[in-house]
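Per-chain numbering from 1; labels A, B, C, D and E assigned in written order.
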Amino acid sequence: MRLARITGRVVATIKHEALTGVKLLIAQPVDHDGKAKGKQLVLADPLQSGEGDLVAYVTGREGALALDTSFTPVDAGVVAIIDSVNVENK
Amino acid sequence: MRLARITGRVVATIKHEALTGVKLLIAQPVDHDGKAKGKQLVLADPLQSGEGDLVAYVTGREGALALDTSFTPVDAGVVAIIDSVNVENK
Amino acid sequence: MRLARITGRVVATIKHEALTGVKLLIAQPVDHDGKAKGKQLVLADPLQSGEGDLVAYVTGREGALALDTSFTPVDAGVVAIIDSVNVENK
Amino acid sequence: MRLARITGRVVATIKHEALTGVKLLIAQPVDHDGKAKGKQLVLADPLQSGEGDLVAYVTGREGALALDTSFTPVDAGVVAIIDSVNVENK
Amino acid sequence: MRLARITGRVVATIKHEALTGVKLLIAQPVDHDGKAKGKQLVLADPLQSGEGDLVAYVTGREGALALDTSFTPVDAGVVAIIDSVNVENK
């Protein structure tokens, strides 16, 4: 899993029928300290995440598992809304 | 999923037989604001996307799921044509 | 597999139900000589790794196999705590 | 899928038995205009591609599907020999 | 598949039980001309590769297939020891 900050959402009328009702969010991957790192992506979200939330997401086939429907063409999904990140800086 | 702009298409006579009739498009991954980011790729397209369209695509095994035929050797496919991207800039 | 140093952990109240009881650690990928290389990630950990440990982790579907529950939406997991790395420098 | 130019081949006597008879080619990923982009890789080739050919290839589990034997340890394979790439430059 | 040079090995006492008896090697990905390119990784090796050998390896689920036990949490494995790489330089 990686961490990302939710920054927006996408709207699509023409889409694969299995995506009907699936919320699609724009997310910016971040480091443990919240710094943006890497390319934005679109996450399927079953957890009611909102803009500004820090989330953990999975990619690949596990993205579909996050939706409990493993035959959906989804490759990235939110699996947890993060309360806190605890890192010991040496 | 990631966002991409459709920029062209490829034509191939010699191909895996499971690709017969599958439309193959050239796409440039983009950020939420439309800026190109990352390497171009070839997407299978079941949604009749056209050049210039902004699409969401999936990669890996889910690329084949986009075609509803999971045993096709396709690893990237269009799953939605995007109407709008809403991002709150802080 | 790749090598990583465990640097912290994340706490999440709202999460996919299959993640209940799964320990989630922050890890920094490292080279064989311990130098940080690449983006941090969140690893599921069934081996009781602690902060500072050098571990080997797997990604993708194998991340879930590390937990012995292949239908969990986990895409990266610890599979070994490393005792030593032996590299012959030429 | 991505585009690549075939640049050579590899010869291996000691290999996984499922690779017996599988042609292994060296390929350089390229952009739609033929410019090299990214790391070379080794592709399994069921299509009789030759050096200099522009091909489309798939990676991951789909690489094995390209060979019609999905339990072969192959993660990248040629699926089409490209006749032409049509891109509208704006 | 990609090419890599074997540079060492790792020793781990605490590990996933399915890794018992699996040899784990440190490898440096290389280009066709032997130049290092990209991050080191840990490969499962069923072929008795030795330090200095040039090998072809697969990643993802195919890494486990290389071991003939597809439910092992392994995501990268050696599939061939390379005798020669033939590239025509234009």
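Here are some notes:
Here, a residue touches a chain if its C-beta (ideal position, glycine included) is under 8 Å from a C-beta of that chain, and two chains touch if they have at least 3 such contacts.
Model, not experiment: these values are computed from the prediction.
One finds 19 Å separating the Cα centroids of chain B and chain D. The geometric centre of chain C is 31 Å away from that of chain D, both derived from CA atoms.
In chain D, the residues that touch at least two other chains are 60-61, 63. Taken as a contact graph, the chains are arranged in a single closed ring, with each chain touching exactly two others. Around the ring, proceeding from chain C in the sense that reaches chain E first, the chains are ordered C, E, D, B, A.
By the touch criterion given at the top, residues 7-16, 18-19, 24, 26, 39-44, 51, 60-61, 63-64, 71-76 of chain A touch chain B in their complex. On the side of chain D, the complex with chain B involves touching residues 1-3, 29, 31-32, 37-38, 46-47, 56, 58-63, 65-66, 70, 77, 79-88.
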